[in-house]
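Structures are listed in the sections that come next.
Heads up, the next two complexes both have chain A, just with different partners, chain B and then chain C.
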Partner chain A sequence: MTLLEPPSTTAPSRPAVRARNRRGRGRADRKPRVLIAVTALFFALLYLPIAVVALFSFNSKKSLTVFGGFSLRWYRAFVHDDVLLSSLGTSLRISLVAMAGSVVLGVALALGLVRCRTRLGSLAGLVMLVPLITPEIVTGVASMLLFKGLGVDLSTGTVMLAEITFSISYVTVILRSRVAALNPEVEEAALDLGATRWQAVRLVTLPALLPAVLASAVLIFALVFDDFVLAYFTTGVDPQPLSVRIYSAIRFGVQPTINAVGTLMLAGSVCLIALALFIPRLFGRRGGLDILSGE
Partner chain B sequence: MDATPAVRLDGVSKQFADSYAVHRLDLDIEAGQFFSLLGPSGCGKTTTLRMIGGFSDPTEGSVQLAGEDVTALPPNRRNVNTVFQSYALFDHLSIADNVAFGLKRNGVAKAEIRQRVGEMLELVQLSGLADRGPRTLSGGQRQRVALARALVNRPAVLLLDEPLAALDLKLRRQMQVELKQIQREVGITFVFVTHDQDEALTMSDRIAVMSEGRIEQCGTPEDVYEHPASRFVASFMGTSNLMSGTYRGGAVALEGGPALPVGARTGIADGTSVSVSVRPEKIWLSDFEPGMSVLSGVIRETVYSGPTTTYLIELAPGVTLSVLEQNTARARMEDRWSGGETVEFGWRPEHCLVLA
Partner chain C sequence: MALLRPSSRTRRRGADGDRIWTWLMLPGTLWMTGFLIASLALVAVLAVGTTDDLGNPRFGFDLSGVRALADPAYTEVLARSLGYAVLTCAICLLIAYPVAYTIALHGGRYKHALIAAIVVPFFANYLVRMYGWSVVLSDDGPVLRALRAVGLADGNTKILNTGVGVVAGLVYGFVVFMIIPLYAALERLDVSLIEAGRDLYGGPVRTFFFVTLPATRQGAAAGLVLVFLPAMGDFVSAQLMGGPDQIMIGNLIQDKFFQGQNWPLGSALTMLLMLVLLIGMFGYLRRTRKDEAEARR
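And then the complex of A and B:
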């Protein structure tokens, strides 16, 4: 509060300032230590295991309990592990395809849901939310049974289909509020100036939605890349997505290489999520991820 | 003048659920005119404009532009452009690209686009801001961009949906004058929707006063103001002293008051309930001329507002008239009436309107 005072005022005596500061930090302003401790404990439980994984990824020994010194040994091992590398490639492919597919369909669905004001439309809007609350294992088992029932061999393709289906809801939830906030007169203005309906959407509506579209694309990429449950139930034997490959590897004894892979995945995901939160700011406005950032 | 109207609405209706937003509207708008659709909110003026623009399909009737039936054509195939109430600028494009949008869609050559956009920005005095984004502009500037973006396409008709409603009063007055000047300069037919009767009176060549989906009266500003065709028009256009009574033999007997001589009117049967309307500024308080109707009443209120003073004069219990007097150089402070005094007032017979 003293900062806000104009410097031109005659300086009050020091004791007076101190007294005011003390009064300013009254009972209500003091931070209760218990709450600080609980918060610290929460973060410790949340991040310590991850920190341990990250630390031991740099271990020079093979041990998972004794830290022998800093080394990039396990990262080198990962880079030369063809099976893990091919799984990484598979995961990247799945994530990219799922991202593209779910963004295209999700944006279209968001546009449709906001503009379709029939009863069937609002019903579709509710049904669309179901994947968000369905336990992922149920979605996973159901997808697997569906593919089996249809006689489709499980493969990278089936993982992509399942992931797209599952991710559309996220894109639509993020985009829907943005679409609803659009001024309908803007698209009408495009029509008025000679644009066809499709041109109006492409030249005016989509650019206005771009920040939210990019943000949701990055989010979907990160979610799909990290996904295990759905991938586990819908993947074929070879090649397997990275998360499934890691799980299989752990069953036969934990290799420290996994620590290195896990740390890399974590770093990648953190970067992507940060990017998703940052993109709307790049466009100088609030974007589609208000739900995530709590803003 | 060209015999084919720029816009013709032929029995146009728009029905929402079971109510009519616009009901069997017939309207001709001559080419080159500044035409206003005036009315309170919900009177159907914006719906009418949207049907001309192609954003709303009439339930019945037809819309013609320059003699061509366009009822079934989408907005992008009509030779009209719109200035939207929200301006509806494209925020991701620069001012110049906003203005160029329509020309690009219509395949105009690049060099010509650059030239026409430049000229148009000059006309609306925004030449220095061509590369800026719409978000960085003030309300008045955004309004000009919207105008330039529509006018640059040289439409046969420009539709304006309350374009000045979001501006503050001073800017609004300034834009009224500018819009009128621009319209004269480009010679394009303007169809202007507004709920502000002052705005319509100052800017228009012709005004259609609308109420409940119908046109109450269509005419020049002077017609509509001086000779309102209905009670609604008289009360909506400015202030009117509206008094109800019964017509009998050249006079209207007010309810609980005296009979006002209004002269013999053809077409009104004795015993008909009518409204009598006299504008406050048409009532005199002194220097009566022969032939005027002169009555007396008690001053109940005096409201001084700079150039004018308004008196509320009670003619009879429950019948109060508002009288507007100019505070001219000759009028002295001490000559002004004060409350409780009995005064004489009068009007010329032609200023006393009898509305069925």
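And then the complex of A and C:
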């Protein structure tokens, strides 16, 4: 009998193991139902407004509460609305220019800030922080006053300048940790092999930063395209960026066309942000949210 | 000599290097100084300035803008803005903590996807999101309908055009700024600490308050600042969710620059807003310094 018994005495049966594991793991791994319910409710409320805008953009009626049936009439209205289309073009132009300008200035600033150990470097680090701790309305008011004070008429150009100013810091914050994480010995090696400082930066450092630079460029494009406050304070009367047009529209009565425009904008920025998060992965590096937190 | 050579080369290279890094740093810094620091200084100067008949800024020294801030009409708006912003911070903390905790500690292999699912829509267009939120909170929107169905609201309950609506808007707008730092802090948290706490104290509640919460205090503090900054300066939420009795300091500033055309007063209000925020930032920095000093000891 003893020969037949061992399994049951030395090793407990499977259900017994499972039961003990369950007990042994204790409260830590018990499914926290309340927490999961709170999180689920949070997600529902987070997506509900977006879902409502998207759903009613396909409404055949003008109502925002009664769904009359599927229709593309508001999208058709949008593509035939010359004012909105010209605003779309204006927003795209602003975003492209702001992206190019702030990425060039921001990447250079990040490189300088990490490597420069002078007092000027720490001062530049402080200046870089100012846009991050200033609320947008203050930046907006200040930029508008500066342009008016200089006698510059507000226009698409002034929006571009203000957006560049505001975006440099974001690029720098994203890039700075990447620059700090680079191994300086690689650059040193390039110098030992006869490269000049500038060549080492251009041929060694910048290619290594390429994923982060591209990701920050996409992110800035999306942020500028969606930005409303700064554009609102620095734009001229005509042409206006799309978000400023949307603001006027939702302030003075609801126009369902805005649902269609809003849905397209949401879809566009979600794609861009997702792209920004995945670009480092395309280069075989760890991608993800550290792009956003700058860690 | 052979031993000295590398070091002298490094030093020379160091001097060269500093020069190129300074040159790289300069354009961006000059740009920001020229556009941002100078324009902020201009706001300060104009706060004591005047305007001509056309509404163009005129420099001078006239304290009427600053003095007007003491008007009860404005102090009331400032107090309300502060109240809304503080309330928003508190609610964001209460909402964000369980969500960040659940995702960080129980999200398993889906936690990156879940956090991305929170962050991505928040970087989408703020106006469109707020507009959608105002539809959701409207009198026959889904939220009030659900509340009526379970008997928590009657036909007269309103969210839009009340203070509740404005705070709900601010929370919806900025709660992600609380979730990101809290999630980062909770993800870094050593789970064995919680287990140790449980071994020593027993109760999950005490473990939470004595172990988890203190370990993530800095994340919470960072989140509070990140929410307070935009909430205090917001004017969209009060415009879409509130009525004339719920305006915030941002609405006043907007009004002085667009409808009222009283730029010195608008500048004075802007400076007042900056002052409040700087006090908040200063408090945060002192707090974190103290925490760091304690951690080092």
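Note that the second predicted complex is superposed on the first by the 259 of 295 C-alpha atoms of A that agree within 3 Å, B and C clash if a C-alpha of one lies under 4 Å from a C-alpha of the other, contacts with A are read in each partner's own complex, and residues count from 1 in each chain.
Methods note: contacts are C-beta pairs under 8 Å (C-beta built on N, C-alpha and C of every residue); 3 or more make two chains touch, one makes a residue touch a chain.
Just so you know, these numbers come straight off a predicted model, no measurement behind them.
Of the two partner chains, chain C is the only one that A:47 touches; chain B does not reach it.
In the superposed pair of complexes, A:70 makes contact with neither chain B nor chain C. Of the two partner chains, both chain B and chain C are touched by A:191.
Of the two partners, chain B and chain C, it is C that touches more residues of chain A. Within the superposed three-chain model, A:183 lies in touch with chain B and out of touch with chain C [touch as defined at top].
When the two structures are aligned on the shared chain, A:120 is found in touch with chain C, with no touch to chain B.
By the document's definition of touching, of the two partners only chain C reaches A:228; chain B does not.
Judged by the touch definition given at the top, the superposed model places A:258 against chain C, while chain B stays out of reach. In the overlay built on the shared chain, the residue A:108 is in contact with chain C alone; chain B does not reach it.
On chain A, the surface patch touched by chain B in one complex and by chain C in the other comprises residues 191. On the side of chain C, the complex with chain A involves touching residues 13, 16-18, 20-29, 31-33, 35-40, 42-43, 46, 56-57, 95, 98-99, 101-103, 106, 112, 115-121, 123-133, 135-136, 138, 140-143, 172, 180, 184, 191, 194-195, 198, 204, 229-230, 232-236, 239-240, 250, 253-254, 257, 263, 266-267, 270, 273-274, 277, 281. Across the complex, chain A meets chain C through its residues 26-28, 31-32, 35-36, 38-39, 42-43, 45-50, 52-53, 56, 64-65, 105-106, 108-109, 111-113, 115-118, 120-121, 123-124, 127-128, 130-131, 133-139, 141-146, 148-149, 161-162, 164-165, 168-169, 172, 191, 197-198, 201, 219, 222-223, 226, 228, 233, 243, 246-247, 250-251, 258, 262, 265-266, 269-270, 273-274, 277, 288-289, 292-293, 295. Per the touch definition, chain B reaches chain A in the complex via residues 53-55, 74-76, 80-82, 84-86, 88-92, 101-102, 105-106, 149-150, 153.
Per the touch definition, chain A reaches chain B in the complex via residues 183, 185-186, 188-196, 199, 203-204, 207-208, 210.
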